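Accompanying notes for the structure given below.
By written order: A, B, C and D. Residues from 1 in each chain.
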């Protein structure tokens, strides 16, 4: 019997694998520690802090969407409530001079997220799929609108503010400077990421996957899918609350925008663009989307359009997100056939790029005409100057789009062929799919 | 128990209607403990519906369903499963994105008392690991351990389906056409697999392949138009004129 | 479009701080440049850029050119703080903002905390339009200066005018359900009760902010109440749609508003034909009989194709320059001290004063009505042919309200 | 008081009928394609803006016809070249596709027509008060809106009962699983249903545009309420959508006209509680919470009747 078990069960990880696994976490911790030494301006520290917060938030969202298959349009409710409670807690602690230091405040946010998820979740997780999505949307609207009515708690549209420096000091840190906040966020991010990763490797975490794949069958192996969804929902709420509390600490203010549809939409974008099929996906997505939303609005006034179009493109052509695209290449890389697809990529990239540039040229020129018709038509977009009034510009845009589209279609078909070939060869070389 | 052991499954006057259509008209069915019982009948006779009623997938309109003497009519599927009844599906119904190993492991989790644990590392649960490995071995899928279930061949998926059904260690097993769509050789392998795996348990099976039915079953019940018209040993069923008329007659011809 | 270049430089905080030479005075303009509030934000940006050019043509401030750094806050307080941080990184020591008291409150709070934690690197916040009274009362800050009259001051001026109108008997209040709308409503009630106790408040409505598409039900209520006058702080689509719905229902009342002159308002008034029935209260408008400001208006319209909606921005920029000259320094703390109790000849004529106690600027306030023009009103609005006509002017002295501000000074 | 009731009823029914024009398309699309079209309200907005633009060129009446056709064509194209592609990636991807689409349409509309309301006027032919009730005018255009929506409602009913596609749609409503067995022309039917559904939303846009407001945020304001209608009525139930539309239309309109609050009902709050958060709840009037009424209704329905008012299926 013993022998059978040993041969049939997956072998326990070898020492090298274990080292690699723990090495990654240690490496991440080191990078987080050293990052501010390399880039230390207040702006980049703020950027990093925001990325950390958005990583926790996106991962918490993926507990729902990626792990359990629940599409929520209202995850910001728990983020926002966590943020509000954190701000109130800071004010309360300062007011009563409780010996609680700032680094513990995110726990309060987490507990708040957990509490409300536990309260609201029981009803909303009774159903999955479209019904759950709609319910989450309705509940989010309800909470966001109520926040403006319950003024003394939510502070109206102005929100509630606090001073994070007045709490008990830790190692002489008062958490005024951004660098100290950065380390606070980084530490919490690391802890939360590890915790959420660990969650995926527990019986509950695996049953979440089972519910995602086939909620019906789950019932016939003894589990109540509603309970699984509910517990997943509670965890998602808990971590969202931590993220919200960190955001509140970072900005020292919480207001109704925390709870709103925009926040819920952004986290959905981040998780999906990064790739919901992999644990690391939402992390990639959170970094990517945070950078985009911070940087893109500086280079073009219609950044939201690009954002929306990009999202549609991901949904249509790369449903696995950025991570999914990268992971697709793993078998090729292992099978040693990666080089075979690269040339076709290079060929396909050119017309695709041409098409994208044509599209952007057309959009920017149109924007010029509708938004600033009286201004000088010599405009710049993304730092590149061009003349929006010249027919040449329009002709160029049109030509780029049409020719680019035609060639891109052809060349991507070729990529498809090259890809299939490479994969087949890789399989023959003995790499499992 | 000294006197009469309760039946593994007992249906009394079970009815099921969808709107005004009565799909099941008063079923009475007894399956004794340790028995291999086959449920046969023409298409649309209500075999799958009967399974759905017993396993809790549907609620009966009226009547009583007992599992080892305990009333289970109206309970939810997972409640019935926890009382020791497990079923398979006619159309393969596995966790497509998860590997074979993970599929089986999900099926042993509740039975090993893990419930909704979120504080244990699933890879470090020896009992779960051992039981999963044993089932994997039993259904001959060791070589396909790390393949996502969605990528298995049809016969392999059917084997996995059976594996998931029995993995929880249920005492009463319901198999819904386990050999449907299989080649002759595959069917034989499947039958011996079923025979081996259900050793000492109660089996209720729906099957169209008569060689499977007569080779496997201790007792057979015939369902026609939502009613059990006959119940008995294979020999009794073979000789029953009513059955011949309604069902076997055409098949034998 | 020059902001694209500046912004591109700011967009890369990762690359560390490019050494940006200190020969310009940078004013960070933090307002919505994308999303729902963008049309308002773009208008403000063009105004400030025009004013910067005007200053630069005269040699800038203390010989340094003024540069406006546009920063898109998407009308969101958090985003505003990120943008403020970005601006500070790029060497900005002065920021200005106007759209939304929520943003104003967050910015004032941020700047105050930032200055406390980063002595020697102080930043000043010039507020040109966020009118929540709390910013110069309970939550006042040494680092915040406001050039727009806050909503209480405007209500004081408005009720001072209304008390002399015997025709007003039944007043209906309708406001947006948020802090500004509520403060309009409470002060209106209190001040009217004190100044004209015979006026009856026949309705007091709060409706959700920027969410109503059909005001017909509200208009039906106003009509049913028998009101002869409506007082509202509504702005944006909430005033335009309200006027439209009341015209549809044939409601004949006088409208006393804060922001009927805002973008889209004049068009709506003209459409509904409410000739000189809509009044607004502002710190200035195009048709004030004052040659200098009318010349400015002409040049401004020729250049940017907008009417000047922010005379207060002109005051802000000119006073900024004057204070820096007076302090002979561009250190924010010195400029701030120079601004305190500074007296200044305002854009539309008359003297204004930046009160030291609360950093609120006091200036003459005008009540005007929109409708057909006579030769005394040279300017129309939004190409409707109609223009604003002077109804009453309230002098600076009559707008001075007490403050509850207890300022912490450095 | 009576005046208020009559006017509110008229306004409520009108609003409800507008909602139903959109909800009907949404429901049918959901039943057949299994996807809740997040961008449905965006087609309402497109209808309004197309209507505005076309009526500038050739007048309102041609616009009333052309704009929905145009929007419907775009809708059909979206189904053919977008949704169908995404279909193989599952329902979540489909839903997200329409979510992204709603986002992009709003941005494109903003780029072309700007962010402020456009000047979409009631056609002069209908620009007069239809009747005066207790000295309040009721605009003729609103009566026209009511007539158009009722006419379309009746037309839809007829089409469902009498045409072949109508029968297929009906079948799909009751037995969504059989849609897959429709045979080779299932793609054409899907495209048609999507096109007609979005065109209906666009009709609502053209007639609502002049009466309400034509602005780039109109889809965002209406979208969530539309989903509430569909969920409250019961996913996939046309009669349910109809009842829910009227219910929400009347609920919101009547709530606006009520000034009752807990304070008015039970007297003012005791002074020691006056500063607490309880005072917010105590003093808020029904009129103030009118906009969240639909969501409250949603929560109540979900707790007490999770299938929706007339729903029969689970998802």
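Rule of thumb we're sticking to: a residue touches a chain if its C-beta (ideal position, glycine included) is under 8 Å from a C-beta of that chain, and two chains touch if they have at least 3 such contacts.
For reference, the UniProt names are B = Branched-chain amino acid transport system ATP-binding protein; C = Branched-chain amino acid transport system substrate-binding protein; D = Branched-chain amino acid transport system permease protein.
The shown structure was predicted, so the numbers you read here are calculated from the model rather than taken from an experiment.
**Student:** In terms of C-beta pairs in contact, which of C-D and A-C ranks higher?
**Tutor:** A-C
**Student:** Farthest chain from chain B, going by the mean of C-alpha atoms per chain?
**Tutor:** Of all chains, C has its centre farthest from that of chain B.
**Student:** Select the chain whose centre, defined as the mean of its C-alpha atoms, is least distant from the mean of all protein C-alpha atoms.
**Tutor:** Taking the mean of all protein C-alpha atoms as reference, the closest chain is A.
**Student:** Can you check how far apart chain A and chain C are, centre to centre, with Cα atoms defining each centre and the answer in Å?
**Tutor:** 37
**Student:** So, what's the distance in Å between the C-alpha centres of chain C and chain B?
**Tutor:** Distance between chain centres, rounded to whole Å: 75 Å.
**Student:** Between chain B and chain D, what distance separates the C-alpha centroids? Give it in angstrom.
**Tutor:** About 47 Å, centre to centre.
**Student:** Specify, in ascending order, the residues of chain D that touch 2 or more different other chains.
**Tutor:** In chain D, the residues touching two or more other chains are 114, 288, 291.
**Student:** Taking each residue of chain A in turn, which ones touch at least two of the other chains?
**Tutor:** Only 145, 149, 302, 304, 371 qualify.
**Student:** Give the residues of chain B touching no fewer than two other chains, as numbers and ranges.
**Tutor:** In chain B, no residue touches at least two other chains, as defined above.
**Student:** I'd like to see which chains touch which, written out pair by pair.
**Tutor:** A-B, A-C, A-D, C-D
**Student:** Can you name the residues of chain D that touch chain C in the complex?
**Tutor:** 1, 3-4, 7-8, 11, 15, 114-117, 119, 121, 129, 132, 135-139, 211-213, 215-218, 221-222, 253, 256-257, 285, 287-288, 290-291
**Student:** So in the complex, the part of chain A that touches chain D is made up of which residues?
**Tutor:** 65, 69, 71, 123-124, 126-131, 133-135, 137-139, 141-142, 145-146, 149-153, 261, 265, 268, 272, 302, 304-305, 307-309, 311-312, 315-316, 319, 363, 366-367, 370-371
**Student:** Flag every residue of chain D that touches chain A in the complex, lowest number first.
**Tutor:** 30, 35-36, 82, 85-86, 89-93, 95-97, 99-101, 103-104, 107-108, 110-114, 224, 227-228, 230-231, 235, 275-277, 279-281, 284, 288-289, 291-292, 295-296, 298-299, 302-303, 306, 314-315
**Student:** In the complex, go through chain C and note every residue touching chain D.
**Tutor:** 35-39, 177, 205-208, 210-214, 216-218, 220-221, 223-224, 237, 240-241, 244, 248-250, 263-264, 267, 271
**Student:** What part of chain A is in contact with chain C in the complex they form?
**Tutor:** 39, 41-44, 46-47, 50, 145, 148-149, 156-159, 161, 163, 165, 176-178, 247, 251-253, 255, 257-258, 262, 294-295, 297-304, 371-372, 374-376, 379-383
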